[in-house]
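Have a look at this one.
In this document, chain identifiers A, B, C and D correspond to the written order of the chains, with residue numbering beginning at 1 in each.
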């Protein structure tokens, strides 16, 4: 796993309706979204009447082969890249999850995190329901299947009213795919059309590129888009409220070539570098990116500052994902395995190192030690987002807040820990100035602690009671 | 798979409470019950607070290794051998099934078949419940979890009232194993005690032998036996009604050394052979068993008839289970792969071939061709049970009735198809005379078509309504 | 592995020339010879110009699948079942071994053991040759490739003059298969013809049966039979000398339906039982075979003695080969895993237990304990061959002589160790009276210590010098 | 496999003498050299008396796990990364190759290609030797084992006199590792010392960095360096002749942070870009690297030309190596899977794209189509080495010369094929001006066709005769 593995996204999704080769196209799309989750992958297909699926642990290219893809014959497919945080050993947690209830078979692929899932689950359990996964996603089936929802003309509409949190969802039924984005638009979800006219939906536009599809537009927050034989249909399940886009998608997660929340990722990152250069100027010989996460911002920084861009740290490509951990005795010797410093570039030089973020700080510190050892005269570390001080409840898997280096440490203390001469983080305002929407449209919680949703008591007791009544009145 | 694979049993179960090495002991017990199901295997353990499990496709010895067993640390375990009939590709169908509901975690291992499972499932689905396996077993969780059952002092007691069909069940909770046998006693279930004093329960006594445990008694039809730190406790959930033991366990399934329904399997089989010899005597040079299924009956036949017992057909031992099917061109040459005829024994001889049963008849016919080709002068085929003409709904996986050779064919027609000189099946009365209980205590449905339970409309509409009311009144 | 695993044969071979489906036919033949070696398997094919091979650890059915067989396209094939004794972890030891030398490509499959292989190897190494396996077989390539052999008209003829020991060999060149049997005829090798007219050769006739081929005759000791497009050709490479057939093939190794050294195995075994009954009569209730190795002899014993044959010990079928060893604590409880005693049969009875041989004695003793525990009143153990007291150097892999129970122990001492009331081994004369050739035509070394070949200094110093001169004079 | 996979290197090697954890250190070193060969990997160890090895197909991280590494206990190890060109299915071809001969066990790991291997092999075969791999490397064992070499005081010295071609060799004997570099120094080989004082040797200095070792010096062309308990010893086996270093190691193969032939790779690549900028200036908006192969040269180009460096093409990271090939229908849509164009960067811009080389041209052409489609106004393609027109016989695995796009095509024709506005290759002189040694010290054969060694008739008939006499006079 590359250096950025301390910040993990949960999942990418993709769906397509229509072509006979739905499964192979989904395979390529998942392949292009591999950066959104490397722990497991799955594809569910519909042949118009029945659903089937193939799921497995590992990379998309490891989970599927020509034989498994060939068996997934269908006119529609949804797929999922997962970074599983809990219960990873239990294969039943891999998505898309397939279940059966009175509405027939359905399969769900989910990117995001439901903050009230545990409360809903507890309630369902009290009402005699059975759970077989440890995912937050499974409650969605139970909400869908609730008799008072099923008897309504649009069960999904009603089920979604109960969800709080981040969800870019694909729900496949034998006759349609429902693409849903939460009212806040935390996670991306885009609509596309292939060259031969089939409708598709993906977490990132890079997945559309991968199958030669054109991006049409984003699925809007609070919108349900239905893909079926009748083409694309849209309906809203929630009023238009201010968005709360995860700006960390721009900082780190998304592929640089993707378009998210109205901006192209690469351009945002370059601009962050430019802004960073202006916030705390420093004299130096070279601007050096931390590969590959700091590359775009470093280019912007170099451009704005006029300081030459150099490659001074090179990654070890070609290597696989798994890696035997060195013993304590070997640890000091093994720190260079993933990134090598080019001594001739950095020796006796004043260098500015740019990265997208610092999470725990241990890996970064190891690299600074290497740079010093290689003879760097001065190290000025620049980070293209503010200090991460708070947990994320909307689908980014940061470590525990008390493992975050910026938690309870001043920037000076961090600089001292890293062993760098100066350290500067991009300001919150600076960062928000790099994206085109109004600053109120973005979630900044991991930096500011300002959560839009109540993440501690996500639903009030009153609401809960109302909810319970609502849920099961169809059974009386 | 050996020659008898046309008749498949669903599953063996084993459970033990107490020892620190519960999982390895369960492994050996499942190993000894491997003949009851070779498609998948699983062990679930409890450490007193949490359940965990390891499951997989294949033989017990393939699913588990020292590492996986070592990870299953617990003071109690239940295990399962499965022959999965449907959805075998879906790993979530492998037992023991682990689920979570308001009562906490539980795991179920089931031998048998519930004839009203589909009706219960449909009802639960109408009430908004979700199913994630295609097994009949999963409804048991939903019944257990039903709020009106959970609020009672003994939810299991109430849940079991709804089940119709064959079930020898082990249900493990973190603090106990509940061993349940259906009121009819279709499938075996025996209680044992290890040399070091731990209580255990198994489908067959051979599993107790395998771990050096002594058989104490059978779990009685309609009884729940609880294994826990407090030792063994018993309670009844159903009145004492006439039993309906599956006599095919004696004819074919069970290990010859097991004790079932009050008889030792080997002795019953020998007696069937003796009885068979008396029903239609014939002059011959040798009695030859079809290995290994006809061996015990052939010995009884030889003893009673005074005709010498010879081995004239030998199995190909040591070979694995999977086997590449010959192409059409190779098919005629490959028929001898599993059984070889000893030409010098059968040439110019009048032989009596004894087997336990004939299902489709194709394999038997192939062997008869081989015997004729090897020079057998006369072949008299004897079967140690009556013609199988009806399906089983209680856990034996016969093929479709219209694939059964005895369905719509007279014995003479079958003899002609097999190419044998005479053919005789043991009479129903003859068979029932070989077991020690009263003949009304056995299920003879696959021969007689006389099903004790209504297998077509297992529960009446009225009952269904009552059932529905009963099920969910706790939610009001 | 079944109970007889203490005596291991090295290998079975099979070859066929002509059909387009040579590899699948070889697969079935190896499958039928699986009892001759379960550690690894391999098939080499020729397409007339090139050789190719697929090899692997495990059962034939595990090493090959439809895909690997399909890739082995050729008009001829040889195959090998191996029980590898040394270097089993090194995949280069699996046969057929493929090598290249000046004569082109060749592949060798070998059943037997060369007693002078180490001397030849040492000599070759001194002359600069390289070895890449630890098998005795590899020297055959070096002998074949020796320039002074290659320049002769029949290099194989000359190469074989140097070999001492047991060898039933198949050597495949692109244009032919040479089937060779050592001058003493230690191991079996039979010639057959398929129904569609292709020539084939196998260790045992059961492999011919498996592919619907007819056995034509044995390859004679000292004979080379060539299979090629021109049909079958024969030549001798050694004068006709007295044979030295391994009689243990009849006692234990071979499939009961095979014909070996002029006799059918099953009939020889029954006769051994009959003879055994006459040597030391005893009164008893039942004759019980040790399954499955003592079954044939027990039948003969029962027939001759008039004492009823009963099945009192039943094997655990269906189980796989690997098996997790019980810990010390579980050991006593796990001894019953492979064989179960039927208590009702043996209780209070005087029983005669018949087995084919006793090697270390530990397994046998365990069974006797079980029988006593089950209530057997008297146990009379009968063995259908004399006490094994000496090692085999001709291809049977007995344990070290000092691990053989009969080594340095009287029959009475063995009886005491086993805990049986009486013990009798078939006499050497008795055994030799059960086979049809003159007693001087069989190897009895493991019982008598009378080795036909010098197994300690297999070739004299003088011979060695001659040999060396001979070997490399072509290089001068 | 990344975009550069058309040019394959054969292999990396690593060896270390002394530490108890030799195998894990070798693992990390091979991991760091993974870019030199991804098809198979192996480690051989010595415990001072015996050699052992573990080998397998796949990445280093796939071939080894903690268990396999733990089994490789020894005080010394050599390892190998391989890109196998022929016989890849045959596991015996994986290196290090282990063999046994009169000198005992030895293991060889080889980077390079022996141009006279086939002639030597033929000669050995004529003298009765056996070959079991299809590698060129195997002849080295036979040369070493030749009696007239073995009787000399330094057999290796004499064996090496016969080798022609490229070879950076590690030969491990139980008591030492001999590190050998051919007299021309085609492939790199460097000597290092770990922080705790153990001697080691590697293809590239990046492997030394990976285990915290310091690079001491290069092994010199024509030198043998012995690593053993007595430390490092050096001797020469060939006179000092002009070197013939593979400059393509600088252009493409080596890790940018490695030091080769006296230069740091990254600096050479940047200088190539600078030189390229001066050779055919063009006006443009951006310099865009082809990731990741053109990155270093593009930076140099931008620096020298003053044209801004931009990232306009981004790779799809995280994806695995294998990849299901799209069907014809999907092919056009799947071309973007590995590299994505950032439309907003290139649209309406004049761009200079820099890559290190063009081999077949098909992949490059696909990217140019993408760039045009994204709206690039002008594309000026620049290549940091001359056109590759000839095969390599020294260890680089280019495709057949007639598949090379520059073979028989002018630069203009190539530009037209690629669909670019201008195309320029770095001149041979320009390239040679970027490295610090005299231009006569480098091999330029793939560009110039000027092979230093006779690759068609590598040794004359006269030499061959002399050679034969020499080789086997010890046997007379």
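The definition used in the following text is that a residue touches a chain if its C-beta (ideal position, glycine included) is under 8 Å from a C-beta of that chain, and two chains touch if they have at least 3 such contacts.
Quantities reported herein were computed from a predicted structural model and do not represent experimental measurements.
J.: Equivalent interface to A-B, which of A-D, C-D or B-C, with over half of contact pairs matching by residue number?
T.: C-D
J.: With chain centres defined as C-alpha means, what is the inter-centre distance between chain C and chain D in Å?
T.: The separation of the two C-alpha centroids amounts to 49 Å.
J.: Determine the centre-to-centre distance between chain B and chain C, using the mean Cα coordinates as centres, and give it in whole Å.
T.: 38
J.: Can you work out the whole-Å distance between the CA centroids of chain A and chain C?
T.: Measuring from centre to centre gives 62 Å for this pair.
J.: Going by the contact rule already set, what residues in chain A reach two or more other chains?
T.: none
J.: Following the definition at the start, I'd like every touching pair of chains, please.
T.: A-B, A-D, B-C, C-D
J.: Which stretch or stretches of chain B touch chain A in the complex?
T.: Checking each residue of chain B against chain A gives 91-92, 98-102, 125-133, 138, 141-142, 145-147, 149-150, 472, 474-476.
J.: Okay, in this complex, where on chain D does chain A touch?
T.: 2, 21, 24-25, 27-28, 31-32, 34-35, 38, 59-62, 64-66, 69, 194-195, 206, 209-213, 255-257, 264, 266-267, 292, 295-296, 299, 303, 308-311, 314, 316-324, 326-327, 329-330, 332-334, 336-337, 340-345
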